[in-house]
Amino acid sequence: MKKIDVGVLGATGMVGQQFVARLEHHPWFHVSWLAASERSEGKRYDEASAWRLATPMPDAVRALSVDACIPGRGPKVVFSALDAGVAGEVEEAFARAGHIVLSNARNHRMDPLIPLLVPEVNSDHLAVLAEQRRAKGWSGAIVTNPNCSTVVLVMALAPLQRFGLKTAVVTTMQAASGAGYPGVPSYDILGNLVPFIGGEEEKIETETLKILGSDAGRTPHALVISSHANRVPVIDGHTMTVSVQVEAKAALGDVREAFRTFAGRPQELKLPTAPIPAILLRDEPNRPQPRLDADLGGGMAVSVGRLRPCPVLSFRFVALGHNTVRGAAGASILNAELMQAELQCLS
Amino acid sequence: MKKIDVGVLGATGMVGQQFVARLEHHPWFHVSWLAASERSEGKRYDEASAWRLATPMPDAVRALSVDACIPGRGPKVVFSALDAGVAGEVEEAFARAGHIVLSNARNHRMDPLIPLLVPEVNSDHLAVLAEQRRAKGWSGAIVTNPNCSTVVLVMALAPLQRFGLKTAVVTTMQAASGAGYPGVPSYDILGNLVPFIGGEEEKIETETLKILGSDAGRTPHALVISSHANRVPVIDGHTMTVSVQVEAKAALGDVREAFRTFAGRPQELKLPTAPIPAILLRDEPNRPQPRLDADLGGGMAVSVGRLRPCPVLSFRFVALGHNTVRGAAGASILNAELMQAELQCLS
Amino acid sequence: MKKIDVGVLGATGMVGQQFVARLEHHPWFHVSWLAASERSEGKRYDEASAWRLATPMPDAVRALSVDACIPGRGPKVVFSALDAGVAGEVEEAFARAGHIVLSNARNHRMDPLIPLLVPEVNSDHLAVLAEQRRAKGWSGAIVTNPNCSTVVLVMALAPLQRFGLKTAVVTTMQAASGAGYPGVPSYDILGNLVPFIGGEEEKIETETLKILGSDAGRTPHALVISSHANRVPVIDGHTMTVSVQVEAKAALGDVREAFRTFAGRPQELKLPTAPIPAILLRDEPNRPQPRLDADLGGGMAVSVGRLRPCPVLSFRFVALGHNTVRGAAGASILNAELMQAELQCLS
Amino acid sequence: MKKIDVGVLGATGMVGQQFVARLEHHPWFHVSWLAASERSEGKRYDEASAWRLATPMPDAVRALSVDACIPGRGPKVVFSALDAGVAGEVEEAFARAGHIVLSNARNHRMDPLIPLLVPEVNSDHLAVLAEQRRAKGWSGAIVTNPNCSTVVLVMALAPLQRFGLKTAVVTTMQAASGAGYPGVPSYDILGNLVPFIGGEEEKIETETLKILGSDAGRTPHALVISSHANRVPVIDGHTMTVSVQVEAKAALGDVREAFRTFAGRPQELKLPTAPIPAILLRDEPNRPQPRLDADLGGGMAVSVGRLRPCPVLSFRFVALGHNTVRGAAGASILNAELMQAELQCLS
């Protein structure tokens, strides 16, 4: 099969680099176009980009000439690693010009006509794309993935939907890499933690409801979430404690079973980057831990551990996921895989 | 006023060193006796003790000869920094022999005849001492202080008692120093966190109820607590997120006022190490932080921040306290100050 | 004695805050004037400054109105915490207008007419001030302190001057706070180190020679230094390994004695912030350590340890000093104290 | 080709686990026997071993029954991850009983009849094995690999041998994982560094000379090394600054070329875990960094950067290697590969 050409908007930044790195050996996609701000235009990618990842820059992109983010240039499929400051308008312009935009930015996530997609959880929300196209008048499309904490939470809550989700109290302990680059000053976080991340709690509390919602997310789930977001001196991996209340009188064993057997369309379709299992339920008392477990399933799986009854709500547990993989570039790529497998709309 | 001679059991360990350091300039107490395990017996303190604190070893104790932990030796008042493995029996033997034992160990905390004391919160629990003496047949006494997380939580919940505490969901992010020495291996915690601390959640969930309980703690408070304990790569200072449900329909301003005006017997009596204020309610969005705020009030104050409504329970906030000061040696010393001020029983 | 009014240029930044904090209870100086960039002009200091220190903002400065950095305004004595980008011109303008400028910036350090002062080491370099005034036509003056690594090294080398310093190979392990704020991104330094700090090695290798030089530094010392500068995930305190070659055939005991007895004009004059001793020679095998020892002498002392013969050069040891105290604000304040004590030129 | 059965002595410890993990997919070797202390004897490996690595325990070893370290049991080839406390006698007993012991312990490294092997550097030292067998009366053999810092240094010095190595001043910044498990207490290293590692400097200064020496290491190289060993809060990867003096008047370009073209027998023989290149010379000003570069070449390559003239000696640079791979289990495995390729003595 000929690979599908894809581009990356905001290719020189931290998330852009992650798109480039993770797409290097992708069986379906081939990075043929890199775009960034005007000051990088015309430069070779290896000159325009201060590479910050542990994996080396793929040789295939080193000499690519960086283009400006101008709709119409580049291939049909573009991944957007743009900052929220510019993502809103640029992504719309690309969709209008016929591009399929897989966006990691927060700007369009809550738009009722734009899917906020977690393929294991709400693959059916892709159905809104037809109306998106009609209402917006776009020949292309925009599909978004959630905030890096939201995706871990929603993956961990999805198996419990069958018991009737009522409330959840969540405390996140988020890695430094979640703040991008330069992100958190080291003076603020060495031997320290910061019990606040601007806008994060709101995203967790609202995005989750759209993803779990009905009518392609236009009717949010009735679940009520209270979240406490913290930055901790961890490199990669967002860990969170979750106490959750459910309607049904579920036994602990039922909940265990729900986690153990959880799978969604990516696993059914055997998408290239679908983690199998999607969720790993661990029995060790002191796991999951971000440094040991964030890379599970190529960084795409969510680890759940310490599942036990909650004396205040119904159950409590710890969930962990890789914030720059499952929570960013990897999420957009899985979204693209799902769209191609379900709709064949990328090729 | 002539100072009261005091001793330290387990003086060579980490908590023992903190007793020694914090008592150096104490206006009421004078360290005249240091005891440790038999292998230190007869050695000078500066030879027996591998000093690990940033503050230098007080000159006055350097040449003290370390004694064995034998009841009858040493002064009437002894602070116990013994490990739980030996604290149970040794402390009882000292109480039987007429010593007043201020214990930091967990062994006797839940004994209904032994006060689990937080002077700002339950100074009236000292009333059980008469019965303790009678029932145990001790000429001395044992008074304990809570676990290093419990004390921070209970200080932060105490001002809310007036609203009727019903439930609380708590997630702790605890400093490495809370595990003692050698404690957590660095390989486990560098750039990582561990979502489990053995026995910690049980202590938080039960000790708190005794401290807030009536009849000197023999009737536990009806509050139900769900706690999630985590170790994070912070040096000193336990931070925790708290969502709390109260019975009364309190306005946020009422809760603010409750925190701001909170004071207890230590503040009324102006005890030497009583923090004033006992609780500092902070308005900055990103405080308290352990590295910046743990030392507040000489490490004896608790910081509360991010107070806001909780969509699931009633209110939520962040609390922070110094785990090896307010959570260990400093707590025992404040207990001693209270006992002397209220009962004059130490001199 | 009436205190001398002093001002701070660049008062809202990290180093400016350190000046403000360290001057709070100074027995000779009183902060009466705070200046910063135009965007802070007219604001209260507590509104203009995002306070980042663990010690709280002094009450006395909270309501001070922040002025612009305009010569002629403010008191005769000003401490400069300006960034190198603007310090050059602004400091000169202040000196021209009659101010005594105690500068922490790098701009004028290597000017042969401007003292690069470490009071314990080259207090006689103040003699160049007469010529500075004449040649520059300034009614005021500029006096600088060295780079935060240089000052630690030069303090540790000064006692060895009597043996004839020939060469030194130095490797620094520098704290994150040395990079200012926001400084090093946490993503770069958590669980990592960076074996490069731009311009640092050049400063260490040249500033040291001026400070140890003769003719008020205009003839640099003949010592040859090779330095390797590294950033490590330490909060405060620059540690360095030093191998040094001397001309004389000194015994290890002579070198020990030289460190132990080292003192300079600040110690003779008993200046308010002079550390006594200036250097602490430690015998423990594993000290000095930045977290335990950087605060020695109020952060103004240098710790030396692990002194032993060097099989390649003559001797080797570890030196440590507090980079934001002895290496920045504290250094300028000690310079001011020396100038007032020796020349009475500040009042 | 049928794989060669191998065993691991000390299989339940940290280094033992690394042997097990790294041998999982080895093309030549198959782990068929795991031995540990008596208290593990008879248990399944997954019960006896508290697995601490990020990579999961290989399925193939989970159910293996752990044996005691008794010579004669187990296959001919055994890797030794034993602690120095027991390694000396046990390894000798195995060699006497006919086993080929690939040892990571320090006990026999300096024995003139036992090769201290770095395959890229001194593969010819295997020649001493004949005499070892004769003199010791062993039907088996012992081959050792160096200390985790030594191997990085010796790899970086080997290319410079052609210029005549005279002296080197080395400062190491070593990862926490180098201290084993539990190793360094987190309280000692969080936001801190320790400028001392017991015995480390002696190992670096002596092992290097044996490895670079002639007559199979029995005549040590004349190079004189001065080392400063430091523990820093890095997880994996030992970084070191090196200033080196050579006899020849080499141009910087010659040294660059020497690094770039360096290869040894493992590269010539294309051994399964031989890194290609053996040394990566980096041009970026701020590399190598342990978190980004330690895994290079599967953790078996050494990174060199910041190569520049040294004003005191001849040249200076930074070297980095993975301490638990190239510095431990990976080193022993490469030794085994070399022995099989050169001598066919393992099968």
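Just so it is clear, A, B, C and D label the chains in written order, and each chain counts residues from 1 on its own.
Quick note on the criterion: contacts are C-beta pairs under 8 Å (C-beta built on N, C-alpha and C of every residue); 3 or more make two chains touch, one makes a residue touch a chain.
The structure presented is a predicted model; accordingly, all values stated were derived computationally and were not measured.
When the partners of subunit A are compared with those of subunit B, the chains appearing in both lists are C, D.
By number of C-beta pairs in contact, C-D leads over the other of B-C and C-D. Our note on geometry: subunit A versus subunit C, Cα centroid distance of 47 Å, whole angstroms.
Once the centre of each chain is set as its mean CA position, subunit B and subunit C turn out to be 40 Å apart.
In terms of their C-alpha centroids, the spacing between subunit C and subunit D amounts to 42 Å.
Looking at subunit A, residues 190-191, 233-235, 291-292 sit in touch with two or more other chains.
Considering their complex, residues 167-169, 171, 173, 188, 190-196, 198, 205, 224-226, 228, 230, 232-235, 239, 241, 243, 245, 285-292, 305-306, 310-313, 316, 318 of subunit B touch subunit A. Residues 53-54, 190-191, 235, 291-293, 295 of subunit C are the ones that touch subunit B when the two sit in their complex. Interface residues of subunit B facing subunit D in the complex, by the touch rule stated above, are 52, 176-177, 179, 181-191, 233-235.
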